[in-house]
Each structure stands twice: as C-alpha cells, then as structure tokens.
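Okay, so here's the structure we're looking at.
Letters A, B, C and D mark the chains in the order given here, with residues in each chain numbered from 1 onward.
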Amino acid sequence: MKVGFIGLGQMGRAMAGNLVKAGHEVTVWNRSPGRDEALVAAGAKRAATPAEAAQGDVVMTMLADDKAVEGVVFGENGIADAPALHVGHSTISPALADRLTQAHGGAYVSAPVFGRPPAAEAAKLFVAAAGPEEHLQRCAPLFEAIGQRVFPLGDKPSAANVVKISGNFMIMAAVESLAEAMALAEKSGVERAQLLEVLTGTIFGAPVYANYGAMLVEDRFKPAGFAAPLGLKDMTLVADAAAKARVPMPVLGVVRDHLLDAIANEGEDVDWAGVALAVRRGAGIR
Amino acid sequence: MKVGFIGLGQMGRAMAGNLVKAGHEVTVWNRSPGRDEALVAAGAKRAATPAEAAQGDVVMTMLADDKAVEGVVFGENGIADAPALHVGHSTISPALADRLTQAHGGAYVSAPVFGRPPAAEAAKLFVAAAGPEEHLQRCAPLFEAIGQRVFPLGDKPSAANVVKISGNFMIMAAVESLAEAMALAEKSGVERAQLLEVLTGTIFGAPVYANYGAMLVEDRFKPAGFAAPLGLKDMTLVADAAAKARVPMPVLGVVRDHLLDAIANEGEDVDWAGVALAVRRGAGIR
Amino acid sequence: MKVGFIGLGQMGRAMAGNLVKAGHEVTVWNRSPGRDEALVAAGAKRAATPAEAAQGDVVMTMLADDKAVEGVVFGENGIADAPALHVGHSTISPALADRLTQAHGGAYVSAPVFGRPPAAEAAKLFVAAAGPEEHLQRCAPLFEAIGQRVFPLGDKPSAANVVKISGNFMIMAAVESLAEAMALAEKSGVERAQLLEVLTGTIFGAPVYANYGAMLVEDRFKPAGFAAPLGLKDMTLVADAAAKARVPMPVLGVVRDHLLDAIANEGEDVDWAGVALAVRRGAGIR
Amino acid sequence: MKVGFIGLGQMGRAMAGNLVKAGHEVTVWNRSPGRDEALVAAGAKRAATPAEAAQGDVVMTMLADDKAVEGVVFGENGIADAPALHVGHSTISPALADRLTQAHGGAYVSAPVFGRPPAAEAAKLFVAAAGPEEHLQRCAPLFEAIGQRVFPLGDKPSAANVVKISGNFMIMAAVESLAEAMALAEKSGVERAQLLEVLTGTIFGAPVYANYGAMLVEDRFKPAGFAAPLGLKDMTLVADAAAKARVPMPVLGVVRDHLLDAIANEGEDVDWAGVALAVRRGAGIR
C-alpha cells in the first residue's frame, strides 16, 4: 500500500520502519529535519510537505499533542483535504478526534497505540482502533505490520482516544496507589521489594505492576522513559474529557497533583512514575 | 501435628478442613455454636474453650477483627498463656500484631491470607507469613495444607499484617480507578466491557482487573462476596497504620469516602466493589 | 472621561449605568442587540463595533470568558489597536491577561471585580486592579464610580486575575467544607442552621459563610445566582493556572469533582453552591 | 456554687481561675501535680482524687482526649457515680459523650469551648452546650463566668461535640484552602499578603482568615499554638464520626494527609496550621 507517515519521533520512526519492512511504499515527513535518514536509506521517500505525504492510500500521523496534529492537518500544506485516509496514532483529545472526523468527511480512523519504543521497534504495539468498518479493514495489513494485536472499538473514531487516555490514567492510578502502599510498608518496616513480590505473586500479576513496580523499588526516575510533563498533558486530556462528560474522577485529581509536585520538585525531566517521589516526600522519606 | 483452630467462619472452616485432610490432629473452637459439625464429622475434636484448643503444637486464629482476636487471646479462657504457638491468619492491625508478639513472648506468627472462600476450600490460598524463622519452619507443613504459596516476610510478625492490609488497599484502588475510567468511557460512548477488554488484553492482565472488572461490567454488587463494611474496616486499619507511620495516602481517602457513599446509598450488604456505584452516581449514570 | 463599555450582561449593564450616572461620556457595545436600551435612554451612545467603542480614553470589557474577550479584542473590528486604554473586568485566565498586555503594548489594566449584580447596581463592587501605575491612576475615578474599594495589586495586570480566580476558588472551598460539616452534623442529629449559627457566631463571621450558609440551610440552589457551569469554568481557569505554575491544589480537585456531580445530577442551571447537593447525595441524605 | 474542676492544662487553669473569681467554691484536681498552686493560692481547694472533686453541685472536666476522660470517669476513684453534675468541656468523640450520658444516668452536659488560652483567661470563650434543659440552666452562671456567649444545642449532649469537631474541621479546611490559594498566588507573582488583604477586605473578613492568614504570611509555625498531632487527633475524631454516620468528607482526607505530611517533615511540634508547609513543599516552594 502507498502510505504516508507524519511524525518521526522515537515511536514514529520505529512504526514507519516496520511499514517499510512489511513491503509498503512509505513516504515520510517530519517538521524538524534529519529524523528520516535511516528510513530513506531503508527505502522510504521523503515528502516536502505534509500534504505531499498524503497523496497515497493512507496517511498516518504520530505526533506529540493536539497542537501538532492541528498543525499538520489544518496548517499550511496540511492534509485536511488530501486524498489519503487519515489514520491518527497520536494520543490526542477525543474532541480533536471528533473534529478530524468531521473535517475529513468521515475518512478518518483513530488508532492510538499502547507500548513503549522497544515494543514499537519489535512491531509489538497494541492498536486501539475505531472508525468506519470499511476503513478499519483497509488498515488491517498496516496495523499488522506495526502491532501484535488490534482492538476494534466501533465506528466512532474518538472512542479509541477515550480508551487510550483512560489506559494512561489507569497506569498513573496503579503507580500512585503502589507508591502509597510502598511508603506505608517502608515506614512500617517492610521493604518495597517484598511488598511488590507479594502483590505480583498473587492477584496483581500484570506488566503494569511488574514494570513500574521495579522502577519504584529501584528509584529509577531519570532519565525519563516517559516524561512527567507528557504524563501531565495526558492527564489534562482526561480531565478535559471528564469535565465535558460531567464525570467526577477523584483519583485523577490525586495523580495530577502528584505529577505537578514531581515536576516542581524534581524537574521537567523526571519520569511520570516520579509521582512516587511526591508520595515519598509527603511521608518524609528521604 | 496437633493443631487448634479458632474461628469457623467460611474461611476458617475451609482452612481447618484442609488441615484435617492433610492428616493433622485438629481441635476446633468457635464462639457461636453449630459451625463445627462437618469438621467434627471429618475427625476434628471440639474444644470447650479457646485455651483448650491451644494445648497442642500450634493454634491458628481466623477471626473477623481486632476485637474478636483480643477476645480469644486476652478474654476469659483465652490463649494468651497457652503452650501452643499462636499463628494469626486474621486481617488485624499491625499494632495488635505487635501486642500479640509481646504477649506471647515471641511465640507468635502473623500469617494473613489472600484469597476468597473458594480458594480456601481448594487449598489455594496465598499465605503472607512473618515471625521468628524457627516458628515459620515449624508452620511450613500447615501452610502447605491450606495454601498454594507462602511469602516469607521476615521475623517481625506485624510486617505480614502491613502487607495484607496494603494488598486490600491496592484492590480497592484498582477497583476505584477502573470504575472512574469506566464512567468516563461510558459517558463518552465506549462500553465498559470494551474498555476492560483493552486493559486486560494489554498491560493490565491480572486477576484483580479481570475479576473485579467483570463485576463492574455486569453490575454484580449483591449479594456481597466481601461486604463494604468489612472493606471499610480494612481501609480503617490502613488509615490507622498510615496515621501512626505519618504517611499521607490520598487515594485511600478517595476509596474510604466511596465506601461510605456506597454503604449510605446501597445498604450495609453491598459488596466493597460497590465503590463503583458511588462513582457512577457522582457522574449521574442511572 | 470618554469611556467605552463592551459587554452588557447583568453585571456590565449595572457598571456602565454607574459610569453614566457619574457623568462620564459612555459608549456601549454588546454582541447581541437589545441590551443597551436603558443605557442609551440614560445618555450612553451606541457603538456599531467594538473598535468604535474604543476611540475614547478608556474602554472597559466585562465578558463571559476568554473566548469572548479574544473575540472583541482580536476579532473583526476588534479593539486590539484602538487608541483607548483597555481595562479588563472579566474573569479571564492570567495567561490571556499576559497576552493582552503584550498585544496592547502595555496599555492594559486587569480589574476584575468581586460582587454580585445587586452590588454592581449599588456601585459597591470590590475592584482588584493591576497594571502600570499611571494607568491605574487614570482609572481611579472610573473605579470609584463602580465600586466601594480598589485593591491595587502592582504593575503586572495578570496578578489581578490570579487574585480573582483564587478568590472564587476560596468561595468554592468554603462552601464545600461547610457542606461536608453540615452533612456530618445533620446525620449526627444536629440541624444545619444550628451549626451555621455557632460558626458565624464565633470565628467564621464573614459574608462568605453567612450568605452561602443560608443557601445551604434553605436548599436554595435554583434559580442559580451564579450557575455551576460558570463556576466550573472558573475552577478550570484555576486548574490551568495551577498546572502552569506547578502547584498541586487538592481541594480544587474536590470542588471540581463536586461541580461535575452537581451538574450531572441537577442540571446545567444549578447554582455553583450546588456542590452541597453532591456532598449530601454522597452521604445518602435525600 | 460548689464546683469541681478536673484537668489543669493551660485552658483548664484559666477556666477554673475565672470560676474562683466569680465567687464559686472551686475544688480542683489534676493528674500530674504542681499545676494547681496559683489556683489554691487564689482560694481553690485541692482534691486528692477525681471523685473527691465531684462531691459538689457540678464537676467540670477539661482534658486532652477520650482516653484521659475515660480515665477520670471510669478509672479508680473516678467520677462515674459521684453526685455532681458532670459538665464535659474537652474535645472528645460524640461516641464517648453518648457513653457518658448513659453512664451518668442523664446527669451529663457536653460543653466544649471555642477559643485559645488568651480567650480562656479573659473569660471570652464561646461555649457550645447541649444536655437536658434543667441542667443547662443550672450551668448558666458557670458558663457566664468562663465565656462570652453560650450556644445552646438541644438536649442531646453529643450534639455539642459534633459541633465542636466540625468547627475544628472548618478551621483546618480554611487554612488548607488559603494555603493552596497562596501557593498559586506566590508562584504566579502575587505576594501572599496581597492576596490575604483582598480576601479579608471583601467577603472573607472573619477571624479565622485574619489570624491564620497572618501565620501563613509570616511563616509562624513554631512554637505551636495548637500542635499538629492534636489537630490530627481532632481530625481523627471527625473521621470516626463521619465513618459512623456514613458521610464522605473529601476535604477532611486532604487536611489529614497534609497534617501527616507536616508532622513527618517538620516534626511533632509544628502548629496545625503547618498544613500550609505541606502545600508549599508540594509546589516546590522553599
């Protein structure tokens, strides 16, 4: 298939690379230059503008936030009116997904992904996809090239974005509650690693606890795998969606406050799991 | 081994039964009569007092709360000065575990368990055990008779109680955050079951999400598997321990408030997962 | 002085009326027509565009939110480049105040007001004013015409907006905590009015408790004096400012959630003091 | 009147002194010796036991907590069966007040006070009093000797205790929200004192804001006027009463957590207004 790919950060480069490997004709574009060399060397074409990358069958976007997506869609030489089907992988607001759906006259699929850069490189992402059935089917081979499993979420694209930001909220909630329990344990004479072992050895045996739990036990918060300000951005997407839907989410308030605490005290470059440092600081643990 | 067993609720009966099956000489006692018939039929002896059940090698207690344990230990004909090693399986405060350790002159092991009645019957409990090494070793065959795995937590008995109540807090935190995410999803047009499928299919694939998630999707809150007032009792144990250790736990505040909301609005017989009903009520979901 | 006045809601009409009464030459503009008749009858001129209202010495704006202010400043026939000094009375974000300061080349004063429509009519508003000293002095006779007291807050306009939204947060926090205490009292057998009498009779003798307390005692939440969605808008301004400044504000999270609960369950037309209804609902008080 | 007075801390000494001044025959008792010398010099008698102090018309208690009150009432030589009417001024749980009511066969009045030691010395306390009408009337001259105003709260003694602990909760809530607003202001370039001046100059003109506000502006948290652990004790009384009444109180959760933070980080001797330090720490303000 002829596929455009816009947004060559760590995630985007890996995803575009897997599309090339799978034999698709890939045209790439990135705002800042110099990110596409390995891809071009592997066979991808370089587009001069976002619109140029969107002349094929499908154009995928994997960008930092709502503003960046708005830029490549509605900005100069944007893809708003380009012929390709727009498949949005970015973590954006459901509200923007609704706006894109309308702007593209329905030719839009939301397909945010779960997984970190190593999973992206290994084509092991999870893809939460929503949009018109025919479009989802058209994307199937592309999703197969980048991920290990697709979760179809109906024909309304923004539903996939709701699921994505809810998932990120669930991660933060799991980290926060684990950090609170660990602080209690530690100040009561139980090692964090012991508590974690019991939890993951019983009914909490999931990657979210194993992976973030290890970070908390080993105090690994820098360099950030996913920086706290990005986490804050995502939690703000959740808060905006919750306000719009009139849904009180008190645990969301807790994690947002602890992200702010972590950033204020540890710096902008702390991992979002650094909410644990806010918890520890509150308990007077040095 | 000669084992006494005090406290024949649903959990205790199953545990004592497995001790009998494993060939131990079991003597049982329960405050209210009529709970021991099947056990006696299976070969257990009936004691007239708690102290009488504590004349062998080990006496296990599996009771509702601190007050009940204080009663059988320090009350009339209590086991405070009995020869048997006291092994406490109840979910009690770390503070009471410390007091028991002292009262028994060190001959005390805390061994709270994770698992519901069916797991108890199947001898599939998880046992979090702490106490002097020699005592833990002595208990090994008994723990093997009732559980699938023992987590040794050092020589200070109350450490096991800290871990147990932390685990219950983690369950409540997982249910609460799942309920918040589901309310957001539902009011945004995503079915609860869809969100749950994505979560458990990605990095939240643990029994705590699968099991409680199904309850939340199917609105199964009565009859209670574990009633909200018992959950509130446990969260109060956490709050007391946190206050003593000077550890702020904001998510604990959220789940306690939602337990109160659930009890106030749904009745004393609602499951502790009924915190989800408090979440839904706040969002105006009928 | 030659004064333009843009935004003729309940507050704006009263303020503009007092400027006319004080002898100023007032030119008014409002997006929707028909709001200026009494003012024109009293001697005000009617402008055809915002820019036309900003040809005199000072132009005041009193609008609903950031978007409305952006419209009259940066929209077609806006006041961005008009000769008059812009004095902003609206409750807007500090971020927008910073942008206005820059857009007007420093010829901008933020002067949000405290007080409800009756206070506006009686020229009893409190004015929190910040901007270059010379501009504040120029505005002094105008502020005197509309208010009972001016609080000068330095030369950075957005400081006044920070104070204004902080004040609104303080009101919500007072109402929320009063509602929680009243729910506890009521379910413990103490009448709400009794509790309020003790509070205002001792160290809580301030209008915020007396006025909102009476609403809570008498369950007066409709028609809204200040509607919950407007309160939510203001609390969102606070949340945005707090996120930008990296300041955790857990009580803010509580009041936002209860505003959402109130709107979800009582409708968009409930007063912002309706957070008390969310508190009562949680406690199972019908 | 013949009055016994039990509990000669700073508050109790001042209150007993005012009873002596008003011409009553006062007999005093205190657990630790040496606190009664000035009182005896002024004309009070010294009792050897609590019971001895309770042989007159009325016996007043002003003690630290539930445990201390239980000690002088139900302990050896306690006042449980003494002839005097028991008037309890201590800040205790409503549950203990109910128990005292029953133990004294109805001859019990709860009369907790609002005010700090200087107010006690100046006989300017506020007295929240509840109990049978005839008993309240009998106490009127005594309350007049120690306070500036009595708030009668009906015939159920524990109602007065509910009001007292609710009042202390309201103080903590006011301090917490003020601290949050001040942190936002400060990090946004507005001085704390400026914000406070606007608040108290508009609708927040009450002693609670003026007095605690000054502490927050001047960072006066040591020596403690009222130590954080005592504040925590009172907030725990509120939490217990709220749990019993099934009343969610999310702001209570926030202030309890910040009291724990303040104690963990500042020491046991910090003032309860030190919740503001927890707020500032979270925001990264040094």
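Assume contacts are C-beta pairs under 8 Å (C-beta built on N, C-alpha and C of every residue); 3 or more make two chains touch, one makes a residue touch a chain.
In this text the structure is predicted, and so the values were computed from the model without any measurement.
Most remote from subunit C, judged by the distance between CA-atom centroids, is B.
Judged by contacting C-beta pairs, the busier of the interfaces A-C and B-C is A-C.
Centroid to centroid, with C-alpha atoms defining each point, subunit A and subunit C lie 38 Å apart. Separating the CA-averaged centres of subunit B and subunit C is a span of 52 Å. Shared contact sites, meaning residues of subunit A that touch two or more other chains, fall at 242, 246-250, 252, 254, 257, 260-261, 264, 278, 282-284. The touching residues of subunit B, when paired with subunit D in their complex, are 232, 236, 239, 242-243, 246-250, 252-254, 256-258, 260-261, 263-264, 278. Interface of subunit B with subunit A (complex): residues 94, 114, 126, 128, 149, 151, 153-154, 156, 158-159, 162-163, 166-167, 169-171, 173-174, 176-178, 180-181, 183-185, 187-190, 194-195, 197-199, 201-209, 211, 238, 241-242, 245-252, 254, 257, 279, 282-284. Within the complex formed with subunit C, the residues of subunit B that make contact are 250, 257, 260-261, 264-265, 278, 281-284.
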